[in-house]
Structures are given as C-alpha cells and as structure tokens.
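Pasting the structures here.
Here come two complexes built around subunit A, the first alongside subunit B, the second alongside subunit C.
Here is the complex of A and B:
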C-alpha cells in the first residue's frame, strides 16, 4: 500500500531517469527539496542574521554555496534558491519559514523543477552546444540562469566534468531530449 | 548585441526582453495629474536617432529590470543601470 503512494518523478516513473551516452552520464535528481528565499523590502540585514543562525548560506551573484543540510545559489538580487536532502527536508518551505522569520518570503519549489546531474570527463563541448555560458572559463561553483533549447534553466558548475541543471518540470522530457541530442552529436 | 548587466557582467541581448522608453517608469499620478499629462505618458513617444534610455528585462537571467542607455543609430550601449536604483534615486519606494 505504502509503495502505491510513492511519488512519481517528473517523467511519471517510480525511479529516477538515468541515461548514459558515451562518456556522459545524466542522472535525474529526486532526492533534492527546493525552496526560494527572498528578503522582504528593507529586511536584508534581518535575513542575513537569521540565515547565519540557521546554517543557510546566502552566496553572492552567480555563485552556488554548498552546505549541510542547506545549499543555495543566487538567482536574483536578494533572492536565492535553496537545496536540501528530500528525505529530511520534504517540508523545506515550512522549515525555512520557521527558521528565517518574517524577514524573508519563502516559496516551495520542489515540484516546479526537474534536476539533472551531468557528469563526464569534460562537459565543455556539451555546454557549448546547449547554452551560451562560457563553461570552460566559469569557476567551479558558478551558478547562472541560461537557456537550453528555448527552456530557461539554472546551470551550476561543480567541476570541469560535473554540472547540475534545473529546468521547468513540465518540460522534463524536452530538456532531457535536448541534452541527449547534444550528447549523441558529440559521441 | 551585448548588454553589460550591472551585477552579472556581459550578457547576450537574446536573454533580455525589450520594453521601450524608460520614461514609462515615471507614470503620473492618475488622481492628481491632468488628463493631458496622462495622455502624454500613455501615447506619446520620442523616437530619437541617437541616445535613448530604454527598459530591458533580463528574463533569462536574474529577472531584473534595467535602464539601458543606447544609441539607436550605432547600437552602442553607454550605460546600464538597475531600474530599481534609478527609481530609488528619484525618491520612489520600489
């Protein structure tokens, strides 16, 4: 019975999608809870204090800051997208709201996005085909919004051969197809 | 065309959406300004051959509104500001 209540992935499946094309491996993320945190007008100092106490990093522009349990990356002035392990933080928005108080606006984002971890020896050529981010020049931990195959996505560089992509969940198939098509062309 | 975003650095213009004349930010108070002033705001636009201040929205980026000063003849961009900062400098609250 409990098994029947297990949430489906963005692809309508029970298990995360995993694809290997040549040296590239694409792994769908189903174990990450997401929420956005934005400072209310004039309350940035309050948010900084509460975030520091809660162990929530608030990195500068174009940056991803890893942490335990909360990682986050910058998405807009005074606004961040926060990641946490799904198993322990399924109610991430409630948890952040309780921790950050009324200086921040928190919005649940887990089911708005589909995430993929991409790994290969070197992702540069793939990224050159997919988006306009200068992947080779970007430092590790670079996080930015960009466009892949007409879809607005967040791209986080974790190393020369490791990146995470968050795209619109309702376009999961299209985004995966775009990445696969670029990978097949390179393989 | 490259727009030098004040926070994110050089970004391709395809990431942005163009809204138009930056004077759109200065909407007159509909309750106190006369109908002439509002008509002017709503319908009248300068169409200069030369320097033009215009609003751009960084849709595929950090979603900020920018005030871009661009030469409409050469497409040279001489200044890019966050619209938020421009409005606040005029004493507006947002």
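Here is the complex of A and C:
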C-alpha cells in the first residue's frame, strides 16, 4: 500500500516462514486477506443474495467452501471468515462492504491471524498430537475451531495430507513451535 | 553372576544378553525380561525394604499390582523413584537401585523400626505426638517422614519431553488378554475403528503366563497370531506399554503410553511418555484380574509370592523363583502353579490346600485342610510352618511359596464414576456393579469370568453388543473352561504375630483389628485410619483382603462391608506426563507485540502481561539501573513526545443497528449519544455493581464502534459481550468480533505528539480538525489505511494510531525517523504506569474486582437515566456509604521517604491493628516530576481527607511513614496539557 511502510510477517521477517520436518512441510501464509462477514439481524436473505451476486460462498457449519476470488468458512451462526488473495484484495473489508451492502457487518481480519499450510502424505498422526479434531474421519473441507497447545485456532482440512491452520498472529512463534515439536516427535 | 534360576522355556530372547546393574552389582538378563524376572533369574529376591518397618521385601507379583519390589531407576535428572521392578522392561545398561534403606539393602539400620512395631500400629502418631502441639510440624513430622518412606526424588530438571495427544475410535479395548484380543478381533474384522491398549510390552495378558492351549496352539502363540492379524488391519491401533488410567466424562479415557521408558534415553526429539485423551464411542474393559494373597504371620518375606506370579515367572520368563517351592491355596487355580512348575522340573515340595476336598495333584505332597501359619528366614524365605488338618504343625524348608487366595476382577476403571462393585460369592470376589461409565462394558476376568473360554466368549459378545454388530459372530477357538472352585480364606487365625495385608503401607491384620476395636469400622474409616490401600499401588492386592478381615471382625457380610471408592489413575502417573509440554518456557504460549522485534534490537526489557511480552523499559547506553531508564522515558515524553505500543489493549469491533443501545446497556455511562468520529471513556460494571473493566470506545460509523478494553480483560470482556448478545438480548442487531491482533496500535504522547504525527498522517489533524476525543479512519505514509484516536492515558496531548499489524513495525520506525527532530522516545509499561498514576487514572491495582465506580471517584459516570448491567446493584446501601473507600493520591511528607503498594492507612498515633485500618495503597511509583514517591490508594472517606496527614504502615516491610493525602490527579489536574 504505502511504499514507505514495509510489511513484516508474524515472525518479524520479510518472507514467509517455511519449515520442513521429515515429510511435513509448514508454510506461513502471507498472501491471504481475511475478513469476517456476519449477517445483520434478520437480514440473512439479503446477505445471501448479495453474496451470491458477489461470488462469495456462505457454507454451512464446519465447512470451508473454496472459490475465486473469495473462499470462506463458517465460524458462528450467520458468520463466516472470508479468504481472498492479498495482492488483489488487501482492502478486502472495503470490497466486501461495497458488495454486501448494509445486510452484513464486515470486519478486516487479515492481520488478526497467522496462517500455516501444512502438507504431508498424511497429517492424521500430527493432528492427533496437536488437537482433539478427528482429522482422519473429517471430510475434506472440514473447518472447525479447536485448540492447539493452549491456542485457539481454526483448522481446515484440505485433504488427507493437507490442512490450513489459522492461529492468533501474536502467538505465531508459539504455534509454530507446537507444530514443530509434534512433528519432530513423530518424524 | 550367572542366571542361576533360569529354566527352559518362556518368551525371552535367549539369543541376546542384556546387561544391567542392581545396587551397583552387574547382572545379565534377556530381551523380554522385566527387572524383577531378570533379578529372580539371577537368584536375587531381596529387592526392597518396606515403608514403615523396613522389612526385607521381594516381589510378590509379576505385574503392575506390585507393592514390594519398588526401586529407583536411572540417575541425574532422569532418576525415577518407586518404580515397580515387575513392570520395568529390561534394557542394556539399566541402572536400578533399592530404596528406603541405609546403609545397604541387606543391612538396613532403620530395620530397628521392626523391633518397635508395637509403637507403630495404626493411629500411633495421632495418639502419641499430640503434645506439645508446636512440636508436630518442626520435630515429630520431619522425623517420621525421614524414617518412613519410599524413594527419593531428584532435585534436577527432567531432561525428557512428555507429549499429549487425542485419539478417536469406535471401540476402545482396555487390556489385551484373551477377552480383549477377542473383542478387538471381532470389532476389527467388522471394519470398526478399534484401539487396543495394554500396559504390558507384550500383548496376550495371562495367555503369556499360562500353559493352556487356545485352539491348536499354545495360548501365547494364539495371542501372537491374533496380534499379527490385528496389526495388519488399518482400522486397528495396537498400543502396547499403554495404561488406560482413567475413565472420564462423555466416553473419554486417559491413557499413558510409555514411548521410551524401555530405552536408556529417548531418541532425540521423541517424548518419553504420551498422555492420550481417547474419545471412544464405546469401550470394553478387559483388564483381567489380580490374584490376592492369604494373610498369615510373616507372609511378607522375599520368596512368598502370589501363586499366579510364580508360574508366570516360570512360563513367560523361564525363571524359577526358588529351588524348593510350595504352594498355599484355597482354590483350584493355585494348584495350576504346582502342576506347571513340576512340568518344568521345579522341585515342588508341598501343596498346602486350605480346602478339605477337591482333586489331589499326583506326584506331590498335597496337604488338604492345611494352612501356612508362619514363615522364617531373615532376608528371604527359608521355612514355612504348616498346620495340618489334624492340628499338627510342621516346618517345611522352602525358598519360595506361591499363595493364592482367589482372583479379584480389576473393576477399577469401571468404578471410576463411583459405580460400586458387587460381591459375587461364586468366585469370592467383587465384580463390576451397575452404573458404570456410559458405553463401557466389562468382559473376561475383569467381569468375574475367569476361564479362558469365558474370556474369549464374553470378549466377542461384548464387542458385538457394544457396536450393535449383526450377522454371524466369529468362531471361538477351543479353550479351557474350568469352573472356579474357591473356599474363601482371608487370613489364617494363628498366633499374635503380624500378618500382612497391605504390604506397601505395612498394614497388618492387627492394624485392622485395632481399627475395629477403636470403632473405625467403615471401610472408608478403615482406609484412613490404617492407611490400607493408600500407597502407590492403591491396595490392588490388599484392599479386598482388608475389608474381608473387617467383615469377619464386625460380623457383617463382605457385601455389607463394601469397598472404598476407586479413582483414577489406575497406576501412578508422573507429574511430567500430566504437564506434557506445558513447562518451563513452554508453560504457556507467548504473545509478541508488533514492536517486539524493534524493541529486542534496542535491548528492551520485557515483562509478562498475561501471555503478552510487553516492553517494560528501553535502556539507553550508560543507564545502569531501571529507574534511570523509566525516569528518562517519563521526562522525555512530558517534555516532547513518547511512543508506547498499546496493541495489547483489547479491541472489539461492534457493529449493527443496535450497537449504540447495546453499549448503553453494557457500559454504566451513556454511549447512544456518542457522535460519529468521537471516542468516549466507558466504565463497565459487573452484574453486582463492581467495576469490571474500563476503556474507550469510538464510533467509527453510523452502526460501527470500536471498543477498547484493558489488556488483562480483553478476553473476559469479549466473552461477556458475547453472553449479553447471545443470551441476554438475542433480539438486538449486534455483531462482534475481536480485532485485538489485527491492528498494531501505538500511543503517541507529549507536547509534540501532533507535530510528530503530522509527519506520517496524510490528513489534517490540527486541533480544530481533530479535537480531543476525536476518532477517524485515516491514511498514513501516502495511503496506508489507519485509525487515529485522540485519547490520553498519560495526561499529555496524546493520540493512539493504529495500522494493520504487519505494518506496525514499519510505522514505529517511520515515526521515530520522520519525527527525529522532536527526539521521540519509546516508553514501556513502567513509564506508562508512572504517568497514569501521576494523572490518577485507574488500572489493575484499582480495578481489583472489589471496587465500585464510587470508590474510584467515578460515581457520577453511573447513569441513572438508563438501565445498564450493574447499575441497580451498584446503588446498594453498603456500596454508596458516605465514608466508604475513595481513591486518593498520596505523597510522603519527607520526599525521601519510600512508599510501598499494599501499605495501610492509619491515623497518627493509632495502633497498627485491623480495627484501625483506614484503607490501603493500590499503586505506587516514583514521580520524576514531583521528585518523590507517589501512590494511589483507597481511603475510607478519602474525598474528605484531602490535605490531611496520615501514616501509611506496612508491617511486613517495616514501614511507618507520614504522608499527605492529596487529590489523585497529581499532575496537570486541570487537564490543560491533554487538550493542548
């Protein structure tokens, strides 16, 4: 945005953090813009119409719906977290507000979270050490709130060997450490 | 020493040798040995000293129920006391030591206690060490604790890691004996997700210890085949070395997996143990049964063992526990020990059967209607004294005696929700009762079904029933189905000596008799009076025996007498395992502020505020003491401009057409009148009228507000608001989300704050355009979205500026660089504290969960024109007293005198007693502007005492100082600077 101000990752770096432990790859997400979208009271129908027109999916509970440019996952009744490419959607909140009108409350959430994409052949064993989600049985696209090493996170299953984790940005180092420690214990 | 007691057979790997030491003496064993089996193989049966009397002890069992053979393992940080030698898997280089003895195991000076056993009977301490009362803590208790005990803990940090994890399954099978294996096979073949957990390192349970055939193979071989079949199923997880230690709520079971205990040192990065939380749709307890002894005089000598253990050592480990062995039994199962040992060539010199009838074992001297009444042998069994049916007594020379009093089903896990076991006279034991944990069924020996066939059958049937499986049940292999024939015998009536019941806590039949005599007859009283079952083995071999003895004494039946409550854990769990990774620096996660990396570069000192690491102060070169840094930061801010990272304050985005009314209800003061583009200080009360939190809330748009909370209450306020929104007023159109982390927010304070900000803010922020308490969405540095609030905690002309967190570090550096002409400094929480106390602003010390708005001098903020949470109860009589606590400022009459937070107000000349207490100091700092310590405090009737002199007294710190009561607004009381 402003040339004078250089963005810093949650780890105080310029480039996203990438870690490889055995078969597991951990990649920090810095190219995703996030915003929350919540229906105003009694305005769900309006929001649904506007969202459909804007190409914004509003999936049901425990679900992540991919899309272009907007993907989203359910976080609470009539509330979603929306993802979009950061480069084109840094102003995601303004863009969604314009698209959705006054039937929704929109709040920028991009820097409230640190995101990690985890990939391996199979993430089940890692998830067993990290959280109480039954990862093996969860369908692809399963999105849920859970706790990893005392930190409240969102976990999105993208396949048997792929998952996205959003945790509190200020605790990025603690969250990564928890994932790394579990991975080392399993490697 | 060679393995003199090793005999043929067993499941140890004789092709390999494992070297280990016990009390420094080297020995050899084989893979598959336990420490106990390897020591017995080497002819070592003396393994420990008892808790109270320091009696010589050896193992009585071959499993986790062991009360006697407790040893210390390893050294340094890995030293581990009170480990049962019977479950320690032998590994190369194992260093084991006996414990609770001095100077040596063979000669223990504390054995003198045994001579004075009369003095150490149950209840002795309570009766004896009563006078003088003051002696208990300093003299009696330390002496008793030194004389009695188990192993010693290391004072070093445990270098190993412990992990935790979560597992899910359709069926959890607890125990991998015949019942558990058959249950797992049934469920596994049906495609169900199964977890089969067993505490042993070899699955099979008693099948490994018996010689029965299962199908066409030996029991042990059938178990190997069953395990192989299960291991090949992707839907089955086999967990060896894993103890399911408790049943908790909602189908959750706790299990400890000993990942690395059988290794000298865990592999790098690998945990030593993992604490698993298992979410089980259904569970089957197939935990088997524990044999119980029969109490007779001196039944605790090394060499006196449970009969089932004696044959387990022979059959599984190829070890004979003695050269000349006898068996003392009241049931058929005990007879198996004699036949198995004879089959292995062990010299069985006698079978002492308390029953008159039954089958005779050929080829051995089988004494029926006889009892063992005593034993001798200083450090190990040498002779037993037998009383025959005709009353004659006879000494028989033996060095091992197998005792069987029957088998107690391991009902523990089934009883963890307080289900009471019920007595089954048919097997003379307690079996699982009703009302066990929902979804948990019990099979095999744990359910009182003691034959192999019964175990296999009930295991299969339980799995079918639990999972609702239909169709043909799996065929069962043929197996023995002998009936249980037992004639209860709990203790042998003979003589006046001691007959042990609970060997780990040295509780004898005499102790139970004494408890009975003194009317401690309820099992719960019996337990606490005698310590029966209170040792680390939780009385697995002794409890039923003890209560049966009590039943006999009281004349009540055993079912009437009942059992004590069973509680998790089933076997001891190390504290480190429960802590997992939450220890040391990893005790909790850290939260880092956006300026953390900048601050670290500057050598800042950080302070933990909740999980946050905040900059406490930023030392400059030459500053040797923290006050120098803090004073400089305060003075520089008040002189020119200072910047402080306030990202940690909670930020809550509140939107919706009812957002204004919502704020009116959650804040004590009015918010519906707040104009767009303005902030207001808000005071939030609890339902009981006590102040909950404070902060500013800005109206950023028609239906859009940003609330700021204190750092400490960020989460609790958010939770409170969600409760209000979802539960109290679900009809309101309000949406909430936390944005604490989304924005990097800095306070910019001081006379030159505006001038500095003008260097980065793209818009006009002159006093006219952006007056005091203004709020706006702005841009900085050529277009980056930002928020600006004109609010002040320091009392200076001050702003809070926020940018998306990723730009926070850059904004700070940019402000410092562009504003260099104003000599800006970055200040930490200490300077923040100094400035807010100088201004009389409340924070943690004042928002103490006991204080009202009136106490804080903010009573007028509680609007009576509208309803809000806490408003009504804040007006209770006791909370609006004229002479109640009021916030005051305090400074010492002598500027050099020190104040201490927590000190109490006293009138001059008043004695320092609670009756004269006038209140207390809540916060204290040194004010570089006033040149002395200053403080805030709550003083009774304080608003009427401004200008008076009092004392502040701190008896702990030895402080008694004359102070002047002043207005809490100690700096710029008119607020001219902040409006500048």
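Just so we're on the same page, the second predicted complex is superposed on the first by the 182 of 187 C-alpha atoms of A that agree within 3 Å, B and C clash if a C-alpha of one lies under 4 Å from a C-alpha of the other, contacts with A are read in each partner's own complex, and residues count from 1 in each chain.
Criterion: a residue touches a chain if its C-beta (ideal position, glycine included) is under 8 Å from a C-beta of that chain, and two chains touch if they have at least 3 such contacts.
In this text, all values refer to a predicted model and were calculated from it rather than measured experimentally.
Participant: Per the contact definition in the header, classify A:132: touching subunit B only (first), subunit C only (second), both, or neither.
Facilitator: Touch partners of A:132: subunit B and subunit C.
Participant: Touching A:62, do we find subunit B (first), subunit C (second), both, or neither?
Facilitator: first
Participant: Please indicate which partner A:121 is in contact with in the superposed arrangement: first for subunit B, second for subunit C, both, or neither.
Facilitator: After superposing on A, A:121 lies clear of both subunit B and subunit C.
Participant: Based on the superposed arrangement, let me know which partner A:107 touches: subunit B (first), subunit C (second), both, or neither?
Facilitator: second
Participant: Scan A:144 for contacts with subunit B and subunit C and give back first, second, both or neither.
Facilitator: Only subunit B is touched by A:144; subunit C is not.
Participant: Name the chain, either subunit B or subunit C, that contacts more residues of subunit A.
Facilitator: Of subunit B and subunit C, the partner in contact with more residues of subunit A is C.
Participant: What residues on subunit A does subunit C touch that subunit B touches too?
Facilitator: In subunit A, residues 41, 132 are touched by subunit B and also by subunit C.
Participant: Subunit B touches which residues of subunit A in the complex?
Facilitator: Against subunit B, subunit A makes touches at 41, 61-62, 74-77, 132, 144-147, 152.
Participant: Looking at the complex, which residues from subunit A come into contact with subunit C?
Facilitator: 1-10, 12, 30, 36, 38, 40-42, 79, 91, 102, 105, 107-113, 128-129, 131-134, 136-137, 149-151, 168-175, 177-178, 181-182, 184-185, 187
Participant: In the complex, go through subunit C and note every residue touching subunit A.
Facilitator: Contact set of subunit C toward subunit A: 161, 163-168, 269-271, 274, 277, 279, 581-582, 586, 588-594, 596-597, 611-612, 647, 653, 655-658, 703-704, 731-735, 737-744, 779-785, 803-811, 814.
Participant: Which residues, counting only subunit B, touch subunit A once they are in their complex?
Facilitator: It comes out as residues 7-8, 12, 14-15, 59-64, 82, 84, 94.
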